[in-house]
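Look at the two complexes coming up: chain A is in both, with chain B in one and chain C in the other.
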Partner chain A sequence: MAPWLATGLIYASALALTAGGITLLYMSTRTFNFAHASMATLGFYVVYSGAVLGGGVPYKYFPLAFLVGGVLGVICYYGLNRPLLRRGAVEITLMMSTLGYDLILLSVIQMYCDYLTFSRKLFPRRVSMNVFDFELFGVNAASVILPLVAIVFLTGLHLFLVKTKFGVAMRATIENPVLAGASGINSDRVYMSAWIIGGGMAALGGAAMSMAVTGTPVLGMNSIPFMFAGAILGGLHSLYGGILGGFVVGLTEYAGVFYLSQKFGPWVLGYRMGVPLLLMAATLLIFPRGLAGIPWAVLFGNLAGIAGKKRGAKA
Partner chain B sequence: MKRKFVVGIVCLLAVALIFAGCGKKAEGPAPGPAAPTTHTIVGLFPLTGVLSTFGENSAEVAKLAAADVNEWLEKENKNWRLRIVIEDTATDPPTGLRKMQSWFGEGVKFFAGPQASGVARECLAFANANKILFISPSSTSPALAIADDWLFRFCTSDAIQGPAVAKMAQEAGVEQLIFVWRGDTWGDGLQKASAEAAKKFGINIYPQELRYDPMLEDFTVQAASLNGYVNDLVSKGVSLDKIGITVISFEEIAPFFTAVNAYPQLKQVKWFGSDGTAMSAALLADPIASKFAIETKFASTKNRPEAATEKSRYDYVRQHIQKTLNRDTDAYSYNTYDIIWSLAKAIDEVGYDSEKVKAILPRVADEWTKVHGASGHVVLNEAGDRAFADYNIWVINDKLEWENVGYYDSRADKINWSRKLY
Partner chain C sequence: MITEQSRNSKNILGLFLKGEVITTVAILVVLTYFLVSRGLPMVLTIIIDFAVFAIVTMSLNLETGFTGIPQFGRVLAVIAGAFAVGAIPGRIMAASMGLPWGLKYAKDSIHYQISPELTQVLANSWVFSLLFLIFCVTIAAASGAGIGWLTSRPAIRLKEAYLGISLLAFGDFFMWVGHNWEPLVGGSTAVYVPDPFRIFGGGRFQAVVIVIFLVAMLVYAYLNRLTSSPFGRSLKMIRDNEVSAAAAGKDITRIRTQSLVIGSMLAGVAGGLYVIYTGTVTAMGYSRLVWTFWPWAFMMLGGIGSTTGVLLGVMVLTIMRTMITVYRFQLFGFLMAWGINPLWLEYTLMGAVIIGVILFLPHGLVPEKVQPMLPAGRVKKLFSGGMAAKPR
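The block that comes next holds the complex of A and B.
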């Protein structure tokens, strides 16, 4: 596997997780969670601290990163989101409140980095997590393990939402909170769970992302536009759309830009961050409801029909 | 009811605090000898971002210098004390300017830093308009060598470093040189100076150049492109040992080397760096990147502190950073020590007046650094920049330490090797 493709797959998996988390929180509590940025960064620092202080491969600290992200989500829900929702806050207020929370988390991250720098004599502000990785099938293990982690996690999430009683209650609350409340579903518990899962996905995504790009205190802040781009590309009203959107944006940033630079020259590399955003804008112009709004079944049905006709003609 | 009670208590507390504040001046001890005045210098250093380890070094050195200045002021019974405030520019131009504006609003007229040329350029117009004196320990862009502005630099311009970088390539027998550089004021200036010098030395510059976004943290795609350029040169009959790559970067060199490490043939070409990478603690701390640097004999240039005088603070500063940060400090942090002392000496002579300090700074810096200078003797030219400097050449050795293997003599335009690299 070419190194640019391997890194692209890791990055795309990380964006799928984070964009999925943003979509889930927006669908459940109408909140664009800007704190996703620092939650992702904290996920990276949990894994980094585990690897450098506890030893072993970074992947064994991923569940811990998810848990820390979940706790941060609960704090955000009970400390900010729930009181504001109860006062009937509009979307912009909910969004700005998470921006404040993000700044608090960023300060905590900086303090923690100071602690690691001065007390532990480490270099936490520029970390290449590759050094903790190992080789698997001739490539960095991250490029095999992390797409698998993303697939397993997202499949588990799908099964949770479809097969479990609480998952069904969650979907019902997301789709129609009034009706769900009338049916006796505790919406408070549902929203809290959404924040646990959303926060966990942010932290897990940040931990995964640090295996592709340099880990810094602003890791999440630098990539938050792409997390949102993924969620918006997905359509914002479909969890699966958000996940797919994140993956497409991530892979475009690597594979798409590399392909274009080979075709048109190295000047394209300067627009690396613009290319996925351009793709998002173009997709939304054609499909205003994003990837989730594309009639995939009809599209595949038509393609299957065309292929069938061709086979019939040959026969 | 309960809510009203809580609101009442809060109001009472607020009123009590207001009155406590009002009464503050009336209390306290009886008037005695006047307390010394405090003058503030703000250190604008990149504690985060791609120069963070250099910023940490300079911040620690600035605090050390301020403590030494205060000790001297006390000993001399002077009626003022120095207060040093460290601010993080995040290696980001708008952040650096915002910090300068904010402290200027508090009445501060003297700044040490910023370190990066991009940040210094952002601050320049505001500083010129408001007569704010700022001295950078490490901004080297030739574009900022401007006479009569309010920026002084205790380092030399890259008009001197450019030939030093190109000279290394010439000595390594390079015939084709590829440039990779961060697209900011510093990177553009040094790349231009190096490329011009390389052409004069008869080295061909590869037409495809990689100028990258300074915000970039991952170089996978750039590494793939670079490998393509080397393939192209090899297919045209150039042998790998005649190909050189000059990387003009800050501490993003670590992820850059991690990315290029995936291409075996890139370990067989010659690699050169600059003052942005020499003595980088971040590069040492990354096992993959530092191994790549050792294998390719990655050579970087950095200001050569002049021969230490008997009273030079060079060893003193070096030992302090080893004790506090457990690492070897970089060459520019010695400039920071001299900046704080020069400013303090000038303020002591003419007061906290930026115009008067500006007028005497070259003389004060000259006099103080001639005897005590941690970075050697600082002589400023008409643009307010350090006039002369040679450049040490640094490589990482097998013991994973930065080793000085020679120096570029700018006046003789030659490299004096203490350990021959090529």
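The block that comes next holds the complex of A and C.
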């Protein structure tokens, strides 16, 4: 496997997880979660601290990162999101409230980095997680394990949403809160679970992302436009669309830019940002409802199930 | 967008904070006293921070507070103004003096040689300095307005959240373009701008502060007039109810475009003035955090949709930020025991302000005044007198 493809796959899986989390939170609580940025960074620092202070392979700290993300999500839900939802706040207010939460988390991260530098004599501000990695089948283990982690996690999520009773209740609430409430589903618990899963996905995605790019305290802050781009590309109305969108954005950013740099020279690499953003802008201008809004069913018949399960055919 | 929230919320803290403004002003006076005791440069720094951010925040308020466009890409117009002032006027001067001005102008090895020469020209002539300043402001305004017009193209098609995120993404993208494309503003190195205030010699700092402060006040007066004009009323109408505005014959697309262009123009001016004040442009200095999110925090504290409130919000937070910077060791020295730099508390403060305002003070310090189109007495008369009363 070419190194750029390997890194691209890790990066794309990480973006698929984070964009999926953003989509899930938007679908359930109408909240565009800015705090995804710092939740992702915190996920990375959990894994980093584990690998440095506790030792062992970084992958065994991934469940811990997921837990931390989930706890952050619950705090955000009970502290901010629930009062605002009960008040019937508009979308922009919900969005801004998570921005405030994000800034507080960012300051906590920065202080934690200062602490690690000063008291533990570490260098947490520029971390290459690859040094903790090992080789598997002749390549970095991350490029095999992380896409697998993403696939297993997302399959698990899919099964949870489709097969379990609570998962079905969750989908019902997302689809129609009033009707779901009338049939006895506790929407409060559903939203809380959405925040646990969404926050966990953010932390997991951040931890995975640090395997592909340099880990810094602004890791999430710098990549939040891509996470949003992925979610928007997916159309914001289908979880699977969000996951696919994140994956497409991540792969375009790496593979697409690599291809262009071979064609035009290495200066292209500096404009990595631009490619997925232009992709997003083009998608929005041509299909304002994102990937899930494209009438796949009309285009490809049975392919509808992949991208636009719920509303694909209608838009 | 704000009124909807207010009807549903019964905020408890708000009842205790009846005199928010008085409380704020009292706190401000105490804080200012501490800072003023540090001498004139401190006061001037506060004033200039206040003035620059006041322009940016007021322009944001025009677009978000009055028109209802979620402008998460405020940094975009600021960048447009800053880069234009960094890239264009110096080049024109260099070209007219026979110095290298093309793509090479911003290359650091050449730039360090020619930029003192350019400043020297300005330092000798009042006329040139004045013309240069006016040209800089004009070009910043023009490029800000230009980018505002460009962003308004998708703005017409996209819905709320989509629009906000797209604007945010493009703001980031332009920062990276400036960082990577060296000929524009030097890439990762700084580009110096010829200094039109050098002619004041030792009084340069005071002169810059006075000029920028005056511009901020002008912008304030202009926006006050604009938002109380028929145009301002149609902005609010579109914000509150697009359908009824359309039914009343308002051209929504055109009015939103105008609001975006005017707002971006003002933000561009702020970016240009900031560059003239600091004398340099570095692309990485124009981050989303400082030029988009902080103005949002200022605006929310001051009161969305209230120009006066925005000024108060900027003032409060600028003074608090400066307090943290100046007194970080005295007040938060205990953090140093763990090696933590107290400057990060600035982020905590901003985050806490945003959350606190949303939860407890949804209208900000100075809530937007709801102005009836006709005085209540006249409405009553119209109804009691039936249609016999003279229609307006």
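Throughout what follows, the second predicted complex is superposed on the first by the 297 of 315 C-alpha atoms of A that agree within 3 Å, B and C clash if a C-alpha of one lies under 4 Å from a C-alpha of the other, contacts with A are read in each partner's own complex, and residues count from 1 in each chain.
Here is the rule we go by: contacts are C-beta pairs under 8 Å (C-beta built on N, C-alpha and C of every residue); 3 or more make two chains touch, one makes a residue touch a chain.
Only a predicted model underlies this, so the values are computations on that prediction, with no experimental measurement involved.
Novice: Answer with clash or fit: chain B and chain C placed together on chain A by superposition.
Specialist: After superposition on chain A, chain B vs chain C: clash.
Novice: Touching A:Leu244, do we find chain B (first), chain C (second), both, or neither?
Specialist: A:Leu244: touches no partner chain.
Novice: A:Gly8 contacts which: chain B (first), chain C (second), both, neither?
Specialist: first
Novice: Contacts for A:Arg125 in the overlay, against chain B (first) and chain C (second): which applies, first, second, both or neither?
Specialist: Touch partner of A:Arg125: chain B, not chain C.
Novice: May I ask you to decide whether A:Gln110 touches chain B, chain C, both, or neither, giving the answer as first, second, both or neither?
Specialist: A:Gln110: touches chain B and chain C.
Novice: Is A:Met201 touching anything from chain B or chain C once the two structures are fitted on A? First, second, both or neither.
Specialist: neither
Novice: Does chain B (first) or chain C (second) touch A:Asp102, or do both, or does neither?
Specialist: So A:Asp102 only meets chain C here.
Novice: Mind working out whether A:Leu42 is in touch with chain B, chain C, both or neither, as first, second, both or neither?
Specialist: neither
Novice: Name the contact category of A:Ile145: first (chain B only), second (chain C only), both, or neither.
Specialist: neither
Novice: Which touches a greater number of chain A residues, chain B or chain C?
Specialist: C
Novice: Does the superposition put A:Glu91 against chain B (first), chain C (second), both, or neither?
Specialist: It touches chain C, and chain B stays clear.
Novice: Hey, what residues of chain A end up touching chain B and chain C alike?
Specialist: The answer is residues 110, 117-118, 270, 273 of chain A.
Novice: Using the touch definition from the top, list the residues of chain C that touch chain A in their complex.
Specialist: It is residues 1, 4-5, 8-9, 70, 154, 157-162, 164-166, 168-170, 172-173, 176-177, 179-181, 289, 293, 296-297, 300, 335, 338-341, 344-348, 350-355, 358-359, 362 of chain C that touch chain A.
Novice: Touching residues of chain A toward chain B in the complex: what are they?
Specialist: Answer in residue numbers: 2-4, 7-8, 11, 110, 113, 117-118, 121-123, 125-126, 128, 130-131, 212-214, 216-219, 222, 254, 257-258, 261-262, 265-266, 269-270, 272-273.
Novice: Going by the contact rule set out above, which residues of chain B touch chain A in the complex?
Specialist: Counting only chain B, the residues touching chain A are 48-50, 52-53, 56, 90, 183, 208-213, 215-218, 220-225, 228, 251-252, 254-255, 258-259, 262-263, 281-282, 285-289, 324-327.
Novice: Okay, in this complex, where on chain A does chain C touch?
Specialist: That would be residues 26, 32, 80, 83-84, 87-93, 95-97, 99-108, 110-111, 114-115, 117-119, 221, 225, 228-229, 232, 236, 267, 270-271, 273-274, 277, 280-281, 284-285, 288 of chain A.
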